[in-house]
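Quick one: the structure is below, questions incoming.
Labels run A, B and C following the written order; every chain starts at residue 1.
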Amino acid sequence: MSYLLHLATFFGIYAILGVSLNLLIGYTGLVWIAHAATFAVGAYAGALFATKLALNFFLAMLLAMLVAGILGSLTGWIFSRLGGDYYMLASVSWNYIVVSVLINWESLTNGPLGISGIPKPSLGELSFAEPTKFFLLTLVLLGIVYAAARFITNSSFGRVIKAIREDEQAAKVFGYNTLMYKVAISGMGAAMAGIAGVLLASYIGFVDPSSFDVMESIFILAIVVVGGFANIRGSLVGALALVLLPELLRFAGFPAEIAAHVRLGLYGLALILFMLYRPQGIIGEYKF
Amino acid sequence: MERMFFAQLVANSVIAGALYTLITLGFNLIYGATKFTNMAHGAVAAMGAYGVFFATREGWGLPLSIVAGVLVAGIVGVITDRLVFSPLRKKKARASVFVIASLGIFALLQSILSITFGAQFWPLLPPGTGRVFDIAGASVTEVQLWILGSAVAASGILFILLKFTIFGKVIRALSDDEEVAKMLGINTDRMIGVIFFLGSMLAGLAGILSGFDTGVQPTMGLFLLLEGAVSSIVGGIGSLVGGILGAFLLGFVENFGIWFIASQWKGAIAFGLLTIFLIFRPRGIMGKD
Amino acid sequence: MNSSSRIVLGIVIIVAVIAGVFAFSQSPSTSNNVPATKNEPIKLGFIGPLTGDGAALGQNARAATEIAVAEVNAAGGIKGRPLEVIYEDGKCTGKEASNAANKLINADNVPVILGGLCSGETNSFAAAAEQAKRVVLSFCSSAPSITQAGDYIFRDYPSDLFQGSFAAKYVYETLGKKKVGIVYVKSDWGSGIKQVFSEEFSKLGGKIVAEEGYDQAARDLRTQLTKIKAAKPDLVYFLGYTEGSTVGLKQAAELKLGVPILGADGWDDPKLFANAGAAAEGVMYTVVSAPLSDAFKAKMKEKTGSEEVLACSPGAYDGVKILAQILASVGTDSTAIKDALYQVNYVGGVSAARVAFDKNGDPVEANYVVKIVKDGKATEVK
């Protein structure tokens, strides 16, 4: 039972990541292969606020969202002027830079040693340390993110970003400041990823740079691809599929050493197969 | 800065530039024909290196192993084109689809290497192989000279191929405008396959030489690819000469940069350079507007 | 709302309701007693690198652990119950180790974790174990920071406060070198020793002419080595794990560094000397000196096929024996185990003449030797 809860919590965290990335890739057409870096910024910001400044978890989370959101807007502003391939490459290089900073700016981040002793959430007398309560908290936050994402995509703002995905030139001709829209969605997606980051940091109690490399960004991308672009529910399905998949492997009896690699291979295969045969993902309707 | 140290930095820069040149040549070749950033290119390079690893372990002897490694890389490259990119071209998928698929191929290839050979780092040559030369105060190993030589040879051969042979003209026509090339009767799909083969062999060579220089690890592909991609963009995507210039610029900036910054930041320098170029001169040194 | 929306929403609500009922009807779990059925095994967790950096050390420690467990069980187990160890691969990284610890604590419910091996491993889960009131007994983690890690955190391997000072004295007094360049892996262990060594060496009157760090995953140290060479040291203090050191030593030879090289206990790995070949010839390193017994060496040789008992294995072996004694006397409650550990006075072990823990959970004794590598083998410098 407790292991199931563990998986469910991971599902919740990655679902938030999938939904937030989908806003960028699926809805706006920004192929951002650095969501792990955004996630990392949230995780580290939350960890630092909660440990070094001993702030309450929820306050730390709000501040972390702010930090991640601002940084996300900034990178959105710098990078989203670039055309497709360049944006993607810039995002990969950004991921690399962020990890490098996390490893090398030791006075702030403790370098490769990471930050440990990150407390579990609490609100006065109420503590969320117990796994079941933590999972519920995750679910509630997922619900909020989900609702926010639905709201954004169904609004007129959502229509504009979809137009940007389809034909940015046309959107510009119609007078929309497309850059500002891209900056806004980058910031919003980043703030959401920040939530996931703080949750993960608190859940494991430890963060270090190695969890946030380009491979992790590819994993989050796979969640979006498998679930379906431009489909918020799809990202939930994608997260469910990709978090459960390695567990099935465990039962299939793969030895521990190669399990992680088999998992990576399956994510890669999933990306390939979906792009070839089902670009709309499992439950998407939108064909990328 | 002391003269010996300066000479060593120059040597390190030149070798790095040469290695990146090999990657960027293949990368640019493929990009020219297919117009997307093939993220699997680095993994193909790793394949070449592991081809040699496997062959030498089986006792094939160095020259044969190298040939085997280069061929493995070329074949893997063509397979990725036949199985994935060609069908996508036929479906007229948009560029992001290609890129995402190539990311998938990269992850898949890397995991295959990890599963088959294990994730740890292996030197490709037995210790103590090869001489070390002293050139103007800098220590340069035999392998490093091979890297430089290969880069020069590959650039030369490619240049001659593209400029003076019909084959080269076809490639250039294809890169210029695929539609027109088709109209001229060129079987563009098959040609792209050939280009993948060539470009991937170059990647394989780069991977092999990098393996000789330090060693092999399944994750080696990403780093090589990024250096190659940065070189290409900085030099101007689509321009082979630009790619070479970009590669050497990158090599020099990285190695001289660490004189001023702590050496652990070296990896980030490449990406810093890329970011700067992307913001201020996205078309690169030699790129056309 | 269309039908698939409804289904998804429905599932989410049902899951949430079940979980909610479950959560608020249960009191928080503090019990970590293994059900006392007659012959159910008592389980301990083990975390160490079984692959990746330090894998040779990890596998060797695992072998030692298995030998100890077999001996305990052959002598009747823990009051009739067999002892069982669940082995998890920490890969010498914080991320893997903390995941492994989460699993051992939450899913397997072990009262004690034997591990980590690398300091980065131990540091990543010490706080979580402390919060969950589980005992951690590390058999090889030497970072000074672990001393303060918590009431439940113990180690039978000394802190690098000792190794760093020992090395500094050795370099300054015995080897007579006054200018040192340090190349170090940026990990708990590497950064920790570097810190201590720098301070001690400077206090003795020596000078640190260069300090260059590198990522644990880096395989090209030429930049760092070039800068160190330029600073003209009399000796290079190279703090690295197996994989980074293999390349580093080769590159140092290629760059013709030309000065003696001293390493630390991470180098007690035959794979390093085998792969680095001639580049490792003549290098020295400090390592904890363990009394070892002939019986232990013989059993290790039988199990691993090699004469060499690596640095982390004596601590693992003694750790199992000590824990077995404690489990037999106080049972499986982790708090009771913790209290008993502070009272331990174990003699005749293979890792030290006497194993006892100070108020921080650190061992009370620390002895080091210097080994030198000749022809691919490490032998003690007398």
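Heads up, the rule we're going with is that a residue touches a chain if its C-beta (ideal position, glycine included) is under 8 Å from a C-beta of that chain, and two chains touch if they have at least 3 such contacts.
For clarity, every value in this text was computed on a predicted model and none was experimentally measured.
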| item | value |
| --- | --- |
| Graph class of chain-chain contacts, one of line, ring, star, complete, other | complete |
| Of B-C and A-B, whichever chain pair has more C-beta contact pairs | A-B |
| Gap in Å, rounded to a whole number, between the CA centres of chain B and chain A | 30 |
| CA centroid of chain B to CA centroid of chain C, Å | 39 |
| Multi-partner residues of chain A (at least 2 other chains) | 103, 257 |
| In chain B, residues with contacts to at least two other chains | 118-119, 262, 264, 267 |
| Multi-chain contact residues (two or more partners), chain C | 51, 186, 215 |
| Complex contact set, residues of chain C against chain B | 51-52, 55, 186, 212-215, 217, 219-220, 222-224, 226-227, 229-230, 243, 246-247, 250-251, 253-256, 275-279 |
| Chain C-facing residues of chain B, complex | 2, 4-5, 8-9, 12, 118-121, 123, 126-128, 132, 134, 139, 141, 214-215, 217, 219, 255, 258-259, 262-264, 266-267 |
| Contacting residues of chain A [partner chain C, same complex] | 2-3, 5-6, 8, 103, 106, 111-114, 116-118, 120, 129-133, 135-136, 139, 143, 204-206, 208, 210-211, 233, 236-237, 256-257, 283 |
| For the chain C and chain A complex, residues of the former touching the latter | 4-5, 8, 12, 15-16, 19-20, 22-23, 26, 28-29, 50-51, 88-89, 93-95, 98-99, 102-103, 106-107, 120, 123-128, 131, 186-188, 191, 215-216 |
| Residues of chain B touching chain A in the complex | 36-37, 84, 87-88, 93-97, 99-101, 103-112, 114-115, 118-119, 218, 222, 226, 229-230, 233, 262, 264-265, 267-268, 270-272, 274-275, 278-279, 282 |
